[in-house]
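Here it is, the structure in full.
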Amino acid sequence: MQARHGDLLVKGVTYAALIALSVFMLFPFVWMLVSSFKPFPEIFAGRSFLPIEPTLANYVALFERYDALRKFWNSFYIATTATALSVFLCALGGYAFAKFQFPGRNVMFAVLLASMTIPFAVLLVPLFVMMRNTFGWIDTPWPLIIPSAANAFGIFFMRQYMLSVSDDMLDAARIDGASEFGIFVRVVLPTALPGLASLAIIFFMASWNNFLWPLAVLRSERMHTVPIMLNSLQGPPGRTAFDLLMAGSVLSVLPMLLVFFFLQRYLIAGITAGSVKG
Amino acid sequence: MTSIAARLLLTSLLLVFGALSLAQTPADALVPNPDLHASLEIWSWEGATGALQAADAEFAEYYPNIQITYVNRPTGDNYQQIQLGAVAGGGLPDVANIENSHLRQFVELGILYDMTERLEPYVPLMNAFKWREAEMDGRYYAMPNDSGPVALFYRRDVFEQAGVDPESIQTWADYYEAALTIKAETGLPMWQQATARNNARLFEILMWQRGAGYIDADGNVILDRDERILEILEFMGRFWQEGLAVDAEEWTDSWYRNFDEPAVASHPGAVWMGTFFKAWIAPDSAGQWGVVRLPAWEPGGSQASNDGGSSLVIFEQSTQKEAAWAYVEFHLGRTASQLDMFIASDIFPSLETVYADPYFAEPDPYYGGDMVRELFTQIVQEIPEAGIYNVDYQEMNGLMAEQIQRFAIGQISASEALAAAAREIRSRTGRR
Amino acid sequence: MRQPPHTTSVPATLGVAGTWRRGPLGTIWRHRWPLLFVSPFFILFAVFALYPIFFSLYLSFHEWRGVGVMRPVGFANYTRLFGDRIFWGSMLNAVLLFFIYVPLMTFLAVVIATVLHGSFLKLQGMWRAIIFMPHLTSMVAAGFTFRLILDTHSGFANQALAALGISPVPWLDDMWWARISVGLLMIWAWLGYNTIIMLAGLQTIPIEVNEAASVDGANRVQVFFRITVPLLKPVILFAVTLSIIGTFQLFTEPYILTGGGPIRATETPVMQIFSSTFANLRFGYAAAMSYVYFITIIVLAIVQFKLVTRGDR
C-alpha cells in the first residue's frame, strides 16, 4: 500500500472524527454494561457514571425470578436449528441456480428476486391464522424455523458464491460416477465453506434478534426468546425494570459480540458479497 | 312484655343475627376439601398477585391438593396474550385477573366460563356496579375482585405550608382556587398530568364522577354531545395553561419521585394508589398524606368515582374448572380472605360483607390516622353508573388519549378534541 | 444431422416409454436434480408466502375478530381505510423518518468508507469493527438502552448537554424530537452495515482513477465529490432502496423506544397493522391495511428507482 501525501491537518481531523464516531457507536454498550451493575435507584439518580454500589443482583434476579436460562436456551436452539436448516437448503438452491441449466430457470430466478420485495407485515395476519388453524404451531418454535427455511436472500447469496465454484471439479466428480446429491455434499459444500459460514452468521444473528414474529406466535412464558423476555420486563402498572433490562441486554448482546470477534471476517465478507451485483 | 317473652324475643333475635353474621356468604361456610386435585395457572400482574397471595396460605389448608402458579405480566401484555389464546384456540390459563375496563371484550368473545349458577348468591353481596361488565344476557362470566373508589390524596405538609384547609375544598372550583394559592405560597403544582403522554385516566375518572362517559345507555357516543364533558376537559386544560400541573407520565421514575419529594400537592386517584405509595413509591412519607372525598362539580353533587378494579375469570378452555372455581370462590367470596387481602395490600374488596369488619373502623397510620378505610367503604357505595367501561374501551381510551394529548400541548381546543375523538370512535367501532 | 439441444437420443426399442421420455415429464426427469434442489424454496414460498397473500386479500373483504364468524363486508374495509387518519399518519411518519435519517446516514457511510478505504489509515480493521458492532445488537436491547440514555429527566444525554450549558432536550417527549431519536437509533444501528456496502463498492473502483485525478491537481474533496460519488451511484442506489424498504418495515425500534408516541408521532404502518390485529382484533381491517401498505411500498420503490436512474449517462 502506498502512503498518501496527506495534510497533517486532514489526518488529524479524520482521526478526531473517527474517534468521535467510535464514541457514539460504543457508548450505548458501555452504558448498558455500567447500568447493569447499578441498583435501580442509581440508574435514574444520574449522579455518577460508574456504579456507586455495584451489584450483581440484577443478573441474579433475571435467572431466579424470570427463568432467564430457559429463555436463552430457547433463543439458542431456535437460532441454531433455523440456521442449520436454512444454510443447507439455501446452499442447495443456490447451487442449482448457479451450476445448472434447466427449463424455466430464469423465470424461477425472477420470481425469487421478486419475492424479496414482499414485506413481512403483509404476511403477518394470514400466516398467524395459518399457524393456528392449519398447523397448530402457535406456541411452538416451528413458525420461526420452517417458513424461512429456504429463503430468497439466502439462495441469492449462495448463488453468487457458487458461481465461482470450479466447473471442472464438478465434471470430474460426475465422471467418477458420483450422484448429484453426493457431489453437492462432498464436493460443493466443503468448497463453499466460507460462504456458508458467512450466511450462517447472518441467519443466526437474524434469528437471535428477531422480535415481531416471535412476539406474535410464542405465548407461554416458557417458550419465550430473549428479546421477548426483555420486552416483558416493562410496566405499567408498576415500574419498568430497567435494572433487569440492562442486565438482560448485556447478556443478549454478549453471544453476538463473541461470534463477531471470532468470525468477523466471514460476516463482513457475507455482507460485501451480498451487495455486489452478480 | 313479660320477662319470658322478652327473653325469648331477645334469644331469637340473637340467633337470627348470629346466623346472619356467621354465614354471611356461601364461601364463609366452606369446609376443607382435600379431594380436589389440580394444578392451576393464574395470569395476573405484580401488585394484584401480591394481594391474592395473602389468602393462599389458608387456601392451602382448605384445598391441600390444588397447586397454584402465578404468571405476572404488564396488564396490556396479559390482554394481548388472552386475545392470542382466544384466537389461537389454546394456551390460556385456568384463571385470569382482568381489569374491569377490559373485561367486556373478553365476555363478548365467548371464551369465558359461564358461572351464573355459582355466582347468583354473590350478586347482592358485592358492589353493584362491578357486575355490569361481567353480565351478558342474564348470564354471569366474572367474579368481582377489587374496586377502585376514587378520592383526593393530598400532602399535609404542602397544604399546611400554603395555609389551605383540605376540608374547605368542596367543589372543583374550590380545588382550583386552592391550586392557585398553593402555587403562590409554595410554588408547587396541584396535580400530575402528562401532556404529550396523557393516558386519559383522570378524564375518565371525572366523567365517571358525573355519571357521564364515552357512551350513553344505548351505546351511542356522547363525548361531543354532553356539555358536562366539555366542562371537564376545559377544567383540566386550565391546570396546564396556568402552570398548575406538572408534566409527568404515569408509572415513570419522575412521576414516582414527584410524589415522594414532594413536588406535587395532591392526587385524585383510586384507593389502590395507596398500595403503591406504601410499597415503593413513597414508603418514607408515612403520615404526610391525607385523604378526602373528591370535590363535587356542583354543591351537593356526586363525590364518588371509580378507576380500575378487576375481576377474576375462568376460561372455557380450562379442564380444571372445579378447582378453578374453588380458587375463585375462596379468594373472592370468603369474607376472611378478602379481609386478609385488603390488610396485606390495600386492594379494596368488592365483597361488601367485609366492610362490617372492625378493621375498617380503624384509622390508617400511613394517612396520619385518617379514617381512610371507612371513607372508601362509603365512597364505593356511591359510585354512579357511567358509560366508561365497555367492549370497545381499549380503542376508545386510545383515541381519546391522543386528542387529550393534542389539547394539552395546545394544538387544538377542548371542543375540537372531543369532536375528533367522537368522530373517530364512531367510525372505528361502528357506533352512532 | 442436427439435433435439437437438451435431448438425448432414444433407442427405438423403448416404444411407449421412449415417447414419455421426450415429453414434458421427460424434461422434468432429466433435470430432476436441480429442480429438486430448488423445490424447497418454491414449496415453502407457495405455502408460506403465496397462499397467505391471497388469503390476506380474501380476509380484507371480511370483518373478523379472529375467532368466530367471518362477515363479508365487500369494500367497506378499504373505504374506511382511505379515510383513516391514523393509518395515513403512520405512512407519513415512515416518510418523515426516512428523510430524517437516510440521507445523513448514506452520506456518512460514503464518507467513512472513503476514509477507511484510503490507505493512510492504521488499524482499518479495528475502525471497521467498531462501526459495525451496533448492527449486532438486538433492537430490543438497543431500544431500551437508548430510552435510558435519552430520558428527559435523568438520561445521560441531557446531563451531558447540561454540562455544556445547553438546556435539556425532550428527546422522547416531543413529537419531532421523538422522530429524531428514532432516527438516531437507526443511524447508530445501520451506519456500519451501510459503510460495509459502500466499502465493497469502493473496492470495485480502480485505483488508477483516483490517482489520475490527484495527478491532475484535484484535492481530496474534489476527488470525492466529482469522481468517487458518481462512480458509487449504483451502490448508493442499492443502499437507499434497502433503506426505503427498511424504513417502511420499522416496528421494533419505535415500539420499544417510544411506543409510537408521543401522540402517534413515531407510529409506523407495521405497528398499526400489528395493533389492529392483536390489540383491537380487527383481522379483516388489518389485512386491508397491509395490502394498501404493500402496494404503496412497491410504488415508492419503483418511483425512487426511476427518479435516480433517469439521470444516468
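Note that the chains are named A, B and C in the order they appear, and that numbering of residues resets to 1 at the start of each chain.
Just so we're on the same page, a contact is a pair of C-beta atoms (placed from the backbone, for glycine too) under 8 Å apart; a residue touches a chain by one contact, two chains touch by 3 or more.
The shown structure was predicted, so the numbers you read here are calculated from the model rather than taken from an experiment.
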item	value
Pair exhibiting more inter-chain C-beta contacts, A-B or A-C	A-C
Centroid comparison with chain C (C-alpha atoms), farthest chain	B
Distance from chain B to chain A - Cα centre to Cα centre, in angstrom	44
Interchain centroid distance [CA atoms averaged], chain A/chain C, Å	15
Sites on chain B at which at least two other chains make contact	84, 87, 89, 253
Junction residues of chain A, two or more chains touched	44, 128-129, 216
Multi-partner residues of chain C (at least 2 other chains)	66, 151, 153-154, 278
Chain C residues within the chain A interface of the complex	6, 27, 31, 33-35, 37-38, 40-42, 44-45, 47-49, 51-53, 55-56, 59, 66, 112, 115, 118-121, 125, 127-134, 136-142, 144-146, 148-149, 151, 153-156, 159, 188, 191-193, 196-197, 199-201, 203-204, 220, 234-235, 238-239, 245, 248-249, 251-252, 256, 269-270, 273-274, 277-278, 283, 286-287, 290-291, 293-294, 297-298, 301
Chain A residues within the chain C interface of the complex	1-4, 6, 10-11, 14, 18, 21-22, 24-29, 31-32, 35, 43-46, 89, 92-93, 95-97, 100-103, 105, 108, 111-112, 115, 117-130, 146-152, 155, 180-181, 184, 205, 208-209, 211-212, 216, 226-227, 230-231, 242, 245-246, 248-249, 252-253, 256-257, 259-261, 264, 268, 271-272, 275-277
Chain A - residues contacting chain B, complex	44, 128-129, 131-132, 136, 138-139, 216, 219-221, 232, 234-240
Of all residues in chain B, those that touch chain C in their complex	79-80, 83-84, 86-87, 89, 105, 109-111, 196-197, 247, 253-254, 394-395, 402, 405-406, 409, 424, 427
Sites on chain C touched by chain B in the complex	65-68, 80, 83, 85-86, 151-154, 173-175, 261-264, 278-281
